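Note that subunit A is present in both complexes that follow, paired respectively with subunit B and with subunit C.
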Partner chain A sequence: MATPLRQAFDQVRRAPLVLFVLLYTVVTGGPLLWVATMSLRTTAEIFKDPYGVPSPIHWAKFADAWTKSNYGTYFWNSAIVVVSAVALVTVVGAMAAHCLARYSFRGNRLVRLLILAGLVLPPQLLILALFQILLDINLYNTLSGLVLVYVATHVAMTVYILEGFFAQIPQDLFDAARMDGYSDFEIFWRVTMPIGAPAIFTTVTLNFIILWNEFLFAVVLLTDDDKRTLPLGIMHFTGSHQLDVGMVATGLMIAILPIIALYAFFSETMIKGMTAGAIR
Partner chain B sequence: MFGSAGRDAAKVEIDARRGGLGVLLAFLAPALIIYAGFTIYPVLRTFYNAFHAIKPQGVVEFVGFGNFTALLLADPVFWKAVTNTALFTLVATIVDVVGGLLLALCLFARAPLAPLLRVIWFTPVLMSYVVVGILWVWIFDYDWGLANASLRWLGLGALEQSWLGQPSTALWSVLFAHEWKWLGFNMIVFLAALHALPAEVLGAAELDNCGWLAKLIYIIAPMLRTTIVNLMVLSFIGKMMVFDLIWVMTGGGPLWSTETVSTYVYKRAFEWNTFDLGYPSAIAVLWFVIILAFVAIVTRALRQRDRLEF
Partner chain C sequence: MAVITVDNLCKRYAGASVPAVHDVSFSVADREFMVLLGPSGCGKSTVLRMIAGLEPITSGTVSIDGHVVNAVPAKARDIAMVFQSYALYPHMTVFDNLAFGLRRRNVEKTELARRVGAAAAKLGLTELLQRKPHALSGGQRQRVALGRAIIRDPKVFLFDEPLSNLDAALRVTTRNELIKQQREIGTTSIYVTHDQVEAMTMGHCICIMNHGGVVQIGRPLDVYRKPADTFVARFLGNPPMNLLKGKLGIHNGRVAVHVASNGAVLAESSATTVAGHVGREVIVGVRPEDLYEAVPAGAAHFARLPVRVVAVEPLGAETLLVVSLDASGEELIARIGRDTPLCAGDRFDVALDTAAIHLFDPGTTKAIV
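This part shows the complex of A and B:
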């Protein structure tokens, strides 16, 4: 008897909650949708009505941005740098994490402390000296120099996450593998890596997103236009074409799309990856 | 005989965790060499730089604490940057923690479509600062930006502002964009922590007819203390070093109103024609020491209270 009334009350009490939730969804999603529409409209159309629906849809703008405005080069630079850095930091970090988690040796704690100290180092503390160092060894303004810097600055986070996971793999597995005559490297490659795959996937995701978006190191360490990564390219293009809003929006979408495409398929993995360092 | 067999078995067990020096080096060396060369060495070099004047053509002069006294006693821009960064950090850290918790509670209270909303709300976290920055420059545009357009639509046209163009609103506008990007992150971390809470405790509160505000303050918040402290520290460190978004949106202007310590370091090193890497290094070192000290004090204070209460 009282239940329908109670339910009605609950509905009323929940109304502000639902309203707030809707509002916040519009605030987060709205601006992204707005860029998406602008990326398919010409600047003239946008200035006539900034919030209109794209019609006709100018798909050709993406081809224009890719070829005429150098976005193709920026995209490939980003892809090369990020893929090499992520591959390198994953292999190197997994080896170190395996070693720290599996072997007891003198200095284990010292090495661990030294690497994990990298978690608290602000980039501003490194960037000026890195500029000098890369100049000294002729890697300034090269993609390989940037890759090395990315690996060095992300190895701490990678080792931190992987070591925590590797340490939980039961020692019995390793004893058994040793009994079966596996070498030290085979144990790493054929026991730790397959079992640690979920954690490795997490660090790959995390490093990929962070490096794809990285700006500060790139802006200090690269100068040539044909070496710019995507964030630098967009910044540069925006600086020189401030009024061509439509074209800048297309450039933004080129940077956003790969991430959104991955997110559509791997949203849970990406959320887990981005928050891996903060949870627990 | 039996005893020696036992000893042998023990030895085998220990051996599985022991590797030769060659093996250990093979595993550790790649990481350690890159890390030492491009992280440890640069840090040491920055500390060295801070006590020198580093001029072009390899001219290096020892100046002792000269850089530090100059920036503490005779650099108004540095102090402006410190004030801005402190204000930004304080407000943004509070908004991060409180806002993230409230958003998480919305989804935890079984809002409709919660799993989908969780994914949508997290999207800005994945965007680069360059994308977020340019997008919000447009939103804050005086003539056709979304901010002023919404105000006009709501009939509040009188509140129209040149958001990024005047010193009184620029810092707050950048802060708003920053929170837009990061709230989703804090929300997810809180949501994970909320789902890990023991259901019996919340159920018991329900039975005791505990109001939701009381439940939040007396039950949920204390149980989430570790998460709150972790997020505060994380947020604090991030905000003390804020660079990208400010660089993209305002470049530190207008009239130093959004200048932060990080943007000032960058300007002194690469934009102003002062040609001295020593001075900005001194700023970076000083700021790092302050961040470390703060984090140490905050974590110690909050963890200490923890121990006394339970």
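This part shows the complex of A and C:
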């Protein structure tokens, strides 16, 4: 008898939560949907009716953006820079995190403090120094220079996330591998990396999303058009006298599709990595 | 096959005021199963880790077959270790866990598969080879850990409380399995535990440790029957040995120990040993099984002590009686038959087998007899 009443009560109690989630979805998903519809319409159509549905659907805009507006180049530049930087920052960060989590050596705490200090420095503070350093070592206006900057600026967060996870790996696993005859370096690759995979996927996904959208360092450290990354490419449609809203929307969709795909693929692993507890 | 000799082993951690392990010396003969037994934090695992090469040695030596191995890294000592947590690699299947050590030694593929298959068959793991550790029960994980040690065919096995994560029933079966495997393979083994039942049933020899040092080494029953001090006396045995205040004196011209000022208990068999202590205070140790409801028919060397029953704990096969001495109020535990009519509050004279009592020096706590 009490069951239907209880169910009704539970539904009422859950209502504010459902309402909040709906509202949040509208606030975040609404603009995305709007940009998605605009990406399939021309600028004239958008100005005429900003919230209209695409009719006819201009699929060709994606091909135009890719070929005529140099988006192909921007996309590949972004891909090269971000994939290289994420790969490097993952390996360097994982090695540092493994050492900090596993070995007690003189200066351990100081090294940790210095690395993690990178988390609190705002990127604007580094711009001038990085600009000068890259000029001095002839890496200004090069993709490899930007890769190095990305690695340096994201290693702190990577170490922070990975160290917390690696520290939870039981010492017995490392001792067992040592007894089995493996060296410290082999143990890192054969034990720490595979067991730490959920946390590593988390940092890979996070770093990929952040670096794919990175604008500040790219706009300061790259000048040639054929070296620009995607976020800079979108600026291409933003002139001083006119704004091609339709093409900006198409460019944005091209830019965010890899991120959406990546997140869709790794979201579960990423959440697992961020909330993971003891290793079973 | 190997002989392990540990000589004056010490371990002091940086910043620690007292050493974690000090002056530990013992020798484990070829094919022998030595158990390091002691309470938590007594340093037994530290000794094991120093033998394994996982912990640097502060001073002293560890030798295998006469060769000092202090400077030899863990991987080169040819020792296999089973950990308390099993230390199975969670990302690998049972097959890969078993093969992990062999792969490092570049064992040829077909030979590797043969050895993994043989070890799996021996431990009943054949059906589980493709499973990951999280899909195994505690007992199965323990067997994989054992298999990983066996498969390498090392000179020495080290076990660091490998049964402590298992439930009571599984612990008994796994313990028997482990004894069987060790006796079959015959590899020299050192086994660390705080469980006296494991120590008594598994070891050829027990080394009892406390506060970082060795208290007594010997065959299990020898250690049980002749504890070196009150710590060993209390640590081995469940319920532990009863310890009472007493005094050595002369009764009817013979050496006797007076307990609770109301009994004169003759220590006949040990009279000559304790003769020099006459007139001194002693600690009298009595095992619960050496106390009786009544003097057994035809038995000699028994004393009676008036007591009051504090509690009766029937365990099925036997009953534990907690009694309080009338004279001193000291409490004793007696292990008696299951069908006792005694109840809490009853008074009777508990019978004590004087041939089985132990005497300890109250100053040093060392055994006199």
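Note that in this section the second predicted complex is superposed on the first by the 232 of 280 C-alpha atoms of A that agree within 3 Å, B and C clash if a C-alpha of one lies under 4 Å from a C-alpha of the other, contacts with A are read in each partner's own complex, and residues count from 1 in each chain.
By our rule, a contact is a pair of C-beta atoms (placed from the backbone, for glycine too) under 8 Å apart; a residue touches a chain by one contact, two chains touch by 3 or more.
This is a predicted model, so every value here is computed, not measured.
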Quick check on the superposed pair: does A:116 touch subunit B, subunit C, both, or neither? Answer first, second, both or neither. neither
A:103 contacts which: subunit B (first), subunit C (second), both, neither? first
May I ask you to decide whether A:204 touches subunit B, subunit C, both, or neither, giving the answer as first, second, both or neither? neither
Compare subunit B and subunit C by how many residues of subunit A each one touches, and report the one with more. B
After lining up the shared chain so the two structures overlap, which partner does A:178 touch, if you call subunit B first and subunit C second: first, second, both or neither? both
After the superposition on A, what does A:80 contact: first (subunit B), second (subunit C), both or neither? neither
Under the stated touch criterion, which partner chain does A:36 make contact with: subunit B (first), subunit C (second), both, or neither? neither
Footprint overlap on subunit A, where subunit B in one structure and subunit C in the other make contact: 175, 178, 279
Sort out for me which residues of subunit C touch subunit A in the complex. 49, 52-54, 73-76, 79-81, 83-87, 89-91, 100-101, 104-105, 133-134, 148, 152
Residues of subunit A touching subunit C in the complex: 170, 172-173, 175-183, 186, 191, 194-195, 197, 279-280
Provide the residue numbers of subunit B that touch subunit A in the complex, in ascending order. 13, 15-19, 23-24, 26-28, 30-32, 34-35, 37-43, 45-46, 49, 54, 103, 106, 109, 111-112, 117-131, 134-136, 138-139, 144, 146, 149, 180, 184-185, 188-189, 192-193, 230-231, 234, 237, 240-241, 243-244, 247-248, 261-262, 265-266, 269-270, 277, 280-281, 284-285, 287-288, 291-292, 295
Using the touch definition from the top, list the residues of subunit A that touch subunit B in their complex. 17-18, 20-21, 24-25, 27-32, 34-35, 47, 50-51, 91-93, 95-96, 98-99, 102-105, 111, 114-115, 118, 120-133, 148-149, 151-153, 155-156, 159, 171, 174-175, 178, 184-185, 188, 209, 212-216, 220, 231, 234-235, 238, 245, 248, 252, 255-256, 259-260, 263, 267, 270-271, 274-275, 278-279
